[in-house]
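Chain naming follows the written order as A, B and C, and within any one chain the residues start at number 1.
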Amino acid sequence: MGTSTRLRSLLIAVLGVVGLVGAGCGFSPAAAKDPTAPLEVWTRSNAASAKVYEAIFAAFEQATGIEVDYKAVPIDFDKWIQRRAAARNLPDVLINDTGMLGLYHSQGLVTEIQPTSIAGGTDITDRAWDSARASDGHHYGVPFSAQAMVTLVRRDWREKLGRPVPTTWAELVELATAFTTQDPDGDGQADTYGMLVPGTTDRGYLSWWAASYLWQGGGDILAPTGDGGYRVAVDSAESVAAVRWLRGLFCDSKVIQPGALTTSTADAHPFFETGKAGIYLTGPYNFGRFDKSLGKDRYEVIPTPAGPAGTTVLGEGENVYLMAGSARPDAQRALAEFLISPPAQQIGMRGQPQPVVRLPVNRTVDVHATYQDPRWDLVASSYAEDARPFPNVPNFQPFRQQTAEALNTIFASCTDDVPGELGALATALTAELQAQGMAVP
Amino acid sequence: MPWLFLAPALVLFALFKYVPMVEGVRLSLYEVRPFLGDVWVGLDNYASVLTDPLFRTAAGHTLLLALGTTFGSMLVGFGLALLLEGQARTLWFVRSAVFLPVVTAAAVVGEIWRMLYYPAPDGFVNTLLSWVGLGPWPFLDSPDTSLWSVMAVGVWKGAPYDMVIILAGLAGIDRQQYEAAAIDGASVWQRLRHVTVPALRPVASILLTLAAIRGLRVFTEVYVLTGGGPANSTTVWMTTLISRGFEKQDIGVASAAAVLLFLVTLALTVAVRVYRARKEIG
Amino acid sequence: MSTRERVARGRGVAQRYDTALGWVGGRAVRAGAGGRVHWPALAGVAVRVLLCVAAVLVFCGPLVTVVSGAFDHTPDPTELSLLPRHPSLTNFTTAGEYGVWHYLVNSLVIAGGALVLQVAVSVFAAYALARKRFRFSAVVSLLILVTMMLPEEAIAIPLSLVLGDVPVVHVNLQGSLLGVILPLGAWGFSIFVMTEFMREIPVELEEAATVDGAGEFRVFAQIVLPLCRPALGVIAVLGFNMIWEQYLLPMVVATDPADYTLTVALVSLRSNEEVGPGIVLAGALLALVPSLIVYLSLQKSFLRGITTGAVKG
């Protein structure tokens, strides 16, 4: 009894001291509204990318004397932003996908930018500025990084099987079939697959992958009507044909890795690295990682194989968003101006193992001179000639999500009724378009 | 003088319970747009909650989960109590061990079971199942089994708690009744049915109703185990509410759902209390 | 039948009324004449032992796999086992790189701070409710009762907004540990349990002290409080359990991931594809240990608390 009482008092005392001391230190009232507080900047980055951003912000602090409170949030970034928005306490600056612009704008989370009033704004490529423009024609972000999807191929496998670099869809399928059936890694087992697809519906990932092929086939999710409006094009004959072709990869030639329809981008990379799949349409940011894990000479970046309607690929990027409610608009702007300057862009491009600036948005930065890598030259020319982003209807996310879910269903069920499924999707997307006030009557 | 002693409690309750409660009711009447200004919508948010298919599915799951977990816990807890009743030191030891899930935080329980439930054939639970010729089962991975798997975890965490309370009830049963039953030639089963269970019934019924009402607000276990997935097969009221409010920025609708939850809980709790008070008087 | 046999039987029979199922003790096995084994009793004991082992495995086994997985160097989610195959501390050092120690400190600070506050608030309030007669005391009880019926989950969203600008004092508690501690500071259940205990303490002692001229607070601190010590243990252990269970509150108060408590951080740790299951298990173990320590050291108070409080709601 005596010991247990003493133990109990001790326990409570210890917890109490820890609690009171800690609570005293942890208290920081009204941090976000304080104009003397450091600028709070968020990026969606893992630990490695965060190091690159830290270097950029250190250079910014040195150049301007403005302190940055930088947070790299790798998980649930979007949820966090929504939560902070609910509390009317947003970080000062975000660097995030260009695709978020529509949502942020429709919620009033971002402040408007006059491209001409940004120092260095005239050095930014027009294509990059376009991706910072909302459906109302105004800009709500400053471009930071651009990229186009590229096709990676296991060169060693291709050469072992004596195949040429595919230049058309037909050749692409032939190569994928060969990778699946002809044992390109020579281990005597049927354990390789032609194509790698991050096909989860989570965040609409599948749409990111499928969009390039949809466009190459002449299809579309939303087509501009020319007067600033959009119409749903996902049930057009071209779209149906393109989706039929994609469905064939899953259901007929069966060249896609198993479990593709629940695989996220992050989960997909290891399939390529470990030699499970040989063709991968993905962003260009993992060269450093694959060079290390797979070997630079074992894979290649090939020019996009052409579909019936061409070689269009998804080209998006990241914007700097100056968030609403900040107590330091001047510091926000100063950071944006610094981030598009050549020194900052170059630090971002030289980041190891992956660059946080993929292609520079600043036309005075030379891609060839900075990367010294022909693969990046290919990305740059692909971006310049073939890339297009998802449209900034006020909020594209629901379209991406619903398209991903419909495609996922088609590929999972292997239904023959592609027009029926896409027709149902088109009905849902039309309703969404009307809800967002962008439908053409 | 009493107010001085009551002040800390009343101030904390006012600031962190009553003000948020009123604020929640207020928000439920608006379309909340933090940076664009709120718009009065009257009862529209309530209408959207009640007609939203997601909230409807969630309500069904919540009821099923609350009832299943409550009754499952009670049954298993009753079995454990019968097994572990007694004064022996070893029994005390076993009881302490069996009780551990109750003190383990729900978030930790969720993480543990996610791993135990690993859906591959060589997952932990599936390995055990294979020894008795069952499985492999997908558990949390398939919409057909996910809700039952979540329920099983709830029973695992809840049963030992019920066991303790039933043990207290068992200890209160007069031994002479057992002896009398034995003299009348009753078997153990008959004794259980006609002496033990009736003696426990009052405690058990209160416990069941209160636990079932509490079960309506289940959140952490589900959020950690499945997040409501796969394919919304395990969404409950609270996970739907939170994702609506914090991920889809529909704070008005989420608040309306919260007010409804509160009203239902309040009505049920008051009903139980009134019923009990009547019974005690009568 | 010999007398000895009859006595032995008698004892066996008497024992059968100790429990609802009429389990017999180990002694009954040897209760046969001349110390011979009493087979039915042996079978009963064997069945019971087997069932006990099964119960312990079902309810403790999962917790043991956490320990084993946390110390296992090559954790494979598919192969959790009861013993680590490659024991090492790597998981903990790696978990540290992902901020697990920081989260643990957050959890401990919140648990400590909120617990001390909660116990103090409960004791003060219970003293007033149990010892003072005053107008509106029934109203106060009702107000506290309503907070108990109010699902705290239901007010999570408005609470997080209120914490951004606390009424009257106008401070922002979002993203601070106090934002979690203060809302946990008053718990109706704890107040009611304490009130019940205080009602049982005889009033005469206090009256004597008051007659001797002791002030209100001295009576409270020197007479009432020491008498409540067992009750303090009860509300402390129940309070700790309640605070350690908190999930939604720390989640909605946080303004960035660094504000998370350990239990909340586990989910985002798991969703991070760079983090393996062994590291999540190391975190889970760290979140498990404090609750086990508190439970095992205050077990009696705990059981007493839940049996007295169970039917209170």
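One rule holds in what follows: a residue touches a chain if its C-beta (ideal position, glycine included) is under 8 Å from a C-beta of that chain, and two chains touch if they have at least 3 such contacts.
To keep track of the chains, here are their UniProt names: A = Multiple sugar transport system substrate-binding protein; C = Carbohydrate ABC transporter membrane protein 2, CUT1 family.
Model, not experiment: these values are computed from the prediction.
By number of C-beta pairs in contact, the leading pair of chains is B-C. Remark: the per-chain Cα centre closest to the mean position of all protein Cα atoms belongs to B.
Averaged C-alpha coordinates put the centre of chain A at 39 Å from the centre of chain B. Note on chain placement: the centre of chain B and the centre of chain C lie 16 Å apart, centres being C-alpha means. One inter-chain figure worth recording: chain A and chain C are separated by 44 Å, centre to centre, where each centre is the mean of the chain's CA atoms. Within chain A, residues 83, 86-88 each touch two or more of the remaining chains.
Listed for chain B are residues 245-246, 251, each touching two or more other chains. Contact with two or more other chains is made by residues 157, 161, 252, 294 of chain C. Only residues 78-79, 82-83, 85-88, 107-109, 324-325 of chain A touch chain B when the two sit together in their complex. Within the complex, the chain B residues that touch chain A are 32-36, 245-249, 251.
Chain B meets chain C in the complex at residues 1-3, 5-6, 8-10, 12-13, 15-21, 23-24, 27, 80, 82-88, 90-91, 94, 96-101, 103-108, 111-116, 118, 120, 122-124, 156, 160-161, 164-165, 168, 170, 173, 175, 178-179, 182, 188, 191-192, 195-196, 203, 206-207, 210, 213-214, 216-217, 219-220, 223-224, 238, 241-242, 245-246, 251, 254-255, 258-259, 261-262, 265-266, 269-270, 272. Residue ranges of chain C in contact with chain A, taken from their complex: 105, 108-116, 119, 157, 160-161, 164, 171-178, 181, 229, 233, 236, 240, 252, 255-258, 268, 271-274, 293-294, 297-298, 300-301.
Residue ranges on chain A touching chain C, taken from their complex, read 4-5, 7-8, 11-12, 14-23, 26-33, 42, 46-47, 71, 73-76, 80, 83-84, 86-89, 264, 266-267.
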